[in-house]
Structure formats: structure tokens, C-alpha cells
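Two complexes are shown next, each including subunit A; its partner changes from subunit B in the first to subunit C in the second.
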Partner chain A sequence: MREADAPTWRVPPRWVLLVAVLSIVAAEIGGGSMARFKVELTRWARDGMLARPSVHGLVGVRDVDERILDEALVKFDAGLRLFHMHAEGMGLVIIATSMVAASVIRHVTARRAIIALLTTGGAGYPVGYLVWSALIPSYGLERAKTIAEWLVWVPFGTATIVALWCLAGLVAWSMIDRHRA
Partner chain B sequence: MTGRRLVARTALAALALLSAPSSPASAHHVGAYVPKDNAVTTNFKEVKFSVQAKKYAVALRLFDTGPLRAEMRAHAATLPPGLEDNTRAALAAGDGPEVERRLMIFFAALARDLALEADRQLARPDAPAEARIATGKKFLEAIWRYYNLVDFAVATRDNKTSVAVRLAFDEAETYVKPAAGGAAPSDPAGLRPPLQRIARVLSTLIDASSTPPSSSTTPRRNS
Partner chain C sequence: MTNAGRGATLTFLIMSATVRRPPLAVVLVAIVVLALGETAGAAMSRFKPEIQRYAAARVAANPGAHGFSGSAEYDDEVRERAIFTAEAGLAFFHLHGMGVGLVLFFASALVAATVPGRRARAVLYVLLTLGGLFPLGYVVYGAAGLELGRDAGIELAERWILTPLGVSAIAGLAGLWLALARRRA
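And now, the complex of A and B:
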């Protein structure tokens, strides 16, 4: 086999792998804690909501309030579940995409920048779901969602998307360049 | 094909999939909420389906042990006298139409009480308009959740009442819909007349239905 035919996948930097593995570990701990402390978490969220009736629009009538509390608790639980799922998935995405970047991009600065964006974006984005869940009892569904969006989802999600597009562009460019040569 | 070229092509295909633009609706997916039945409506459905299947012993047991009966006791002050006992007696006697009529009265009373409470809360001038509209919307959802359970029974016995409640409900809903194109939110005071109408129509229905029909218990349409 000639050298040009040999597979050229390269391992991403160690800190990237560490962050990805930590993200997956956090996802597993989060998932396990969700199941283990389900009652305690629900009680904490419910007490937090009952302590702030005006934030959640509670009207003091059980037939009305139970639906509001139920929706908030369902979303609180959904936030924890989505953190678990996204942290698990994004850990793998970080490993895969940073490996592509390490293997394909030759320009050192571009490679480092894209790997940094992929890693921080990928690891940070799932935390938004945890932030959203944690803020629901204090700020209500919509306000908590807005805070999580602007604090976590938009910056970290944008970092990931920008890095992925740059990576796709650079991979395409290198293919075209090689085809011409 | 060289190894490097294979890597590049595989990577490009994967990246195209990963970075495909998603619609704004799917951005930051936060799950969907599907409202569930509460304990009372669940127990009502259990009793109703048992009665429809003519399993009166099952229906009676579900009624005796379920939250529906407890709720009837809790609301006894605003319900026609003897509603709980009469419902139980109808179940014990295996009188399906009578059970349906009693349960219709109960849920109509719950909906009426919610309409009255909504009207009372909307009358408070201290809350901002947006908060009062949000409160009105939540009350309308709760009213509909109960009324919808017995609308068919109401329409079967008194079609005019069913139509009147539905029309009043539709009118009330127009005041709680979000303002389009940055327009000013609706006046929450507009919500009060349809809520008052719902309460009045349901009160009339409860009063009229609380006396059992003398000739036959079979429901009939009046229009």
C-alpha cells in the first residue's frame, strides 16, 4: 500500500477528547440523578413555583393551577432529559468532528480555531437545557427559556454551527484543490 | 481513490448532514406539553365508560372509591342538594341516563363556578391587562376541560344551552388570543360579559336539570 492510499484519520488533541468524555460522563450522571432523585427534584421545583405564584400566573384555584404546575413540571423534567440526551450526543459529535478537523485541515490556526469552537460549542450547548430547567421554578417557563437561549443556546449553538460550516467549507475546498492538482 | 480523498469525502457528507440548517421552529427543541386528565376527569371517564358498558357494579365501586365523589363532597355547598347521594343511588339502581344527568349537573356546576371565579378575578383593577388576559385564558381552558366532558349530554337534553355556552366561549376566546402584528392587547374587561353569560346559562341548566323529568328519563332534543 502506497503512503497516499493509507488512511489518514488523526486523533484530536487530548483536551478535546477529555471535554467530550466529560460531557458524556455528565450526561450519564445527569440521567442517573434524574431517575434517582425524581421525587426530590419534582418537589423542589413544585415548592419553588408555589413560592412564586405571580411568576407562574397561579390564580389560587386548584382546577386552573394544577394545569399550570403540571406543564411547568413536565417542561422541567423535559429540560433534564434533553440535557442528558444532548450532552451524550454532543460528546460524540465533538469527537467525530474534531477528528475530521484534525485530519483534513492543514492550516494550523484554522484547525485550532475550528476545533476550539466545535469543542466549546458542543460541550456548552447541552448545559443550556440544565440552565433552563434550573431557572423554571424561579423565572417561569418563557423567561427561563429566554435566559437560557441568550446565555447558552445562542452563543454555544452558534459556535458549533459556524465551526461545522467552516469545516464543511474547508473540506470541500481541499477536495476541489486536490481534484485540480 | 486515495485514503485522504476518502476521508475528505466521508467527512464532507457527514458535515453536510450535521450542519444542515434547521427551521426556527425546531431550534432549541424544548419538548411539547400534552395536557393530561386530572384525577376527577379520569375518574369521571372510568365511571362513564363502565356505565356505557352497563357494568354498574364496577361504576359504583369506581365512584365510591374515586376522587369524583370526594370532589362532589368538597363542592357540596354550590351543588344542588343530594347530588352525590342521588348519583350513587342511580348507579346502584343501574339507571344509566340518570347517572349521566347527575354527572352532567356536577360538571356544569364546576364549569359555572370557574366562570364566576374568573369574572371575579378579572374585575380586579390592580392587575395589568396582560396578566388579566393570561388569567382569563387559563380559566377558559379549565372551564372547557370540564364543560367539554358533558357537552354532548347537555346538547342531548338542551341544545340551546349547549349552543349558548359554545357561542359565549368562542366570544371569550377572541379576547385572549395574542394580538397580531404588534397590535395592542385586547381589553380584558371584554372577557367578563361572555363569562357571565356562561355562568348564567349553566346556572339555568343546573336548576332545570336538578328536577328529574316526570314522564321519562330518556333524554330528548328540544330543538
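And now, the complex of A and C:
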């Protein structure tokens, strides 16, 4: 095979790279903010929970209420941490998988659809953890999780999973096709 | 990398020459590992009760392997630990599937772009691709823990899957580093 015939990468659309980099930037800012504004964030969440005692099952007994508040604050912190981790990772996943899609999938509609699903799913999914954390003070642990699950994780997560498996199938198909040719 | 063929006008060039990509077989393994890791992540949260029920059933089906004593309190603790190990295996699989899939992708892309010599590239692709299968060791870790008991299951996964495939990943990355170091010299 001549050098000119060697398989090469194609750059994904610019908007895809912008979204991916923005996801990583948001993750970095989120990670930094978690450390820098830890006290302020915890105070905000705690005040929000104390303002809605019935939502969190607070009874006015210190020993009982502190345990409930602690558990909720641990989950609040976990949500921010998981946003940081997933936004970093999914930014990289978007770059890698959209490069593969741009380079391997020949059919224009399929390529655009898969790149769009990978990008929107990958960028949207981590936001679910921010939504979960933000809603804990107002709605309580379980309801906040349900809202984040059905508004964000399920639709955006499903988009990413479907797109990944379609991409795997098309890469396998491309391999078989080239082997035949 | 190039956008030639799209007809788009570039305002800047990322690279001045085309960049080779790895064989499709390597790319496919990276994408499949990412897809499996992603699916495991979804399954972990969406099907948590079902997974716990399945794990409890497998533990009950293998009482000897888990060292059940007949004492309810002790056996409950053993059961909880085994279920936790199975869930941990799935969580590790999700985490490593996503991470190692990306490592395989970017490392093999570097091999394709920078390592001269077909044979050297082929060896590195094989090592890195085998290393890319490392996360599957955590599926074995979780499943074997339920069937053979926690300690025996972990030992099986470590000895036959995690260690050899982990060594392969490290060897592939070390080989890539050496190739890059030699190239600069």
C-alpha cells in the first residue's frame, strides 16, 4: 500500500469539537469550584434543606435531623463529583468516537446522525448529575434523582449507548466490506 | 488529519500532513469496549434491584463456595459481602471500560501516526488491543465471586485475566514510549 493510500483520520465537524472541549472545560471549572466554593455550596444546600423540612423528613430533633442532613449533603457532593468525572470523560469520548464516525462511515445521513447522537448524548448526560445535586435541597433525594433520571440520564444516556453500538456495527461492516473488496 | 474532500475552507490547519489511523480491527475493539462500559453503567443504576436479586440467587445456589455456616446473622453478612463484590465488579467494569477504551483508542492512534515499521506497529497493536480487553476481567471478577466464593473468584480473575491483560497494556504503552523516545533521538 502506498503512503497516499494509507487509511487516515478525518476531522469531525467543528461544532462537535467545540461541544467536546466545552464539556471538558465545564468539568474542569466544576472540579475547581467544588474545592474553591465547598463551604458556600454546602451552606446553600443545607439552608435549602432546612427551609423545606417536610420534604426531607426533618422532625426538629437534632440527632435525627443531622443524620438526614449529612446523608443528603454527601449525595449533593457526590453529584457534583460525578458531574466533574463524567464531563471530563464524555468530552474525550465525543472526540474519539466522532473521529471514528467521520473517518469510517461513508453514508452521509448515517454519519451525521451518529455524530449528532454521540455529541448531544455525551454532552448532555453529565448535566444530569448537576440537575440531581441542584434539585436535592428543593425536592429531596429520591424525587431529585427521579427527575434527573427521566429528564436527562435516560434520554441522553440512551442516545449515547445507541449511537455507540450503531458505530460499532458500522465499523464491523466497513471491515467486512473492505475485506471483500 | 485533513478535511480535504469536504470542500470546506479551513481557517486554520490542525496538522500540516495527513495522519494515519490504526487498523479498523483495533478501532472496533476500542469502540466495543467503550460501548460495553457505557451499557454496564446504565445497567448498574437502571437494573440495580434485579442485579442484587440475581446475585443473591447465585450465592444461595452455591452455599458451600461462600462458606455458609447455618447461622442467619453470619450467612447474611457473607451474602451481603458477595453481592457487594458483584456490584463492585460491575462498577469497575463501567469505569475501566470507558477509560481503557479511550486509552486504547488514543494510544493506537499514536502508534499509527508515529511508529515506523509495520512489524513494530503490529506488535504494539496486538499488545494494546489485548490490554484493551482488561476491563472484561472485572466481569469475571463479579461473576466468579458469586459462583466460586469471593476470594476464589477474585483470585481467578486476577490470575487469568487482569494480570496478563494488564501486563499486555503496560507492555504496549512502554513499547510506544520507547518508539517515541527512539524517534526523537
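What we mean here is this: the second predicted complex is superposed on the first by the 176 of 181 C-alpha atoms of A that agree within 3 Å, B and C clash if a C-alpha of one lies under 4 Å from a C-alpha of the other, contacts with A are read in each partner's own complex, and residues count from 1 in each chain.
Going forward, a residue touches a chain if its C-beta (ideal position, glycine included) is under 8 Å from a C-beta of that chain, and two chains touch if they have at least 3 such contacts.
From a predicted model like this one, the values you see are computed outputs, not experimental measurements.
K.L.:
Let me test your reading of the model: by the given contact rule, A:Gly57 touches which partner, first (subunit B), second (subunit C), both or neither?
P.N.:
After superposition on chain A, A:Gly57 lies in contact with subunit B alone.
K.L.:
Could you say whether A:Ala96 touches subunit B, subunit C, both of them, or neither, answering first, second, both or neither?
P.N.:
After superposing on A, A:Ala96 lies in contact with both subunit B and subunit C.
K.L.:
Going by the contact rule set out at the top, does A:Glu142 touch subunit B (first), subunit C (second), both, or neither?
P.N.:
Touch partners of A:Glu142: none, neither subunit B nor subunit C.
K.L.:
Kindly classify A:Leu82 by the partners it touches after superposition: subunit B alone (first), subunit C alone (second), both, or neither?
P.N.:
first
K.L.:
Tell me which touches more residues of subunit A here: subunit C or subunit B.
P.N.:
B
K.L.:
After superposition on the shared chain, which partner residues are touched by A:Val11: those of subunit B (first), subunit C (second), both, or neither?
P.N.:
second
K.L.:
Is there a shared patch on subunit A that both subunit B and subunit C touch, and which residues make it up?
P.N.:
Correct list for subunit A: 6-9, 93, 96-97, 100, 103-104, 149, 153, 157, 161, 164-165, 167-168, 171-172, 174-175, 178.
K.L.:
Would you pull the subunit A residues touching subunit C in the complex into a rising list?
P.N.:
6-11, 89, 92-93, 96-97, 100, 103-104, 149, 153, 157-158, 160-161, 164-165, 167-168, 171-172, 174-175, 178
K.L.:
Enumerate the contact residues on subunit C facing subunit A in the complex.
P.N.:
1-3, 5-6, 14, 18-21, 23-25, 27-28, 30-32, 34-35, 38-39, 41-42, 45, 98-99, 102, 105-106, 109
K.L.:
In their shared complex, at which residues does subunit B touch subunit A?
P.N.:
Residues in contact with subunit A: 2-9, 11-12, 14-16, 18-19, 27-31, 33, 35-36, 38, 110, 114, 117, 121, 131, 134-135, 138-139, 141-142, 145-146.
K.L.:
Where on subunit A does subunit B make contact in their complex?
P.N.:
Contacts found on subunit A: 4-9, 57, 59, 61, 63-64, 66-68, 70-71, 74-75, 78-79, 81-82, 93, 96-97, 100, 103-104, 128-129, 132, 145, 149, 153, 157, 161, 164-165, 167-168, 171-172, 174-175, 178.
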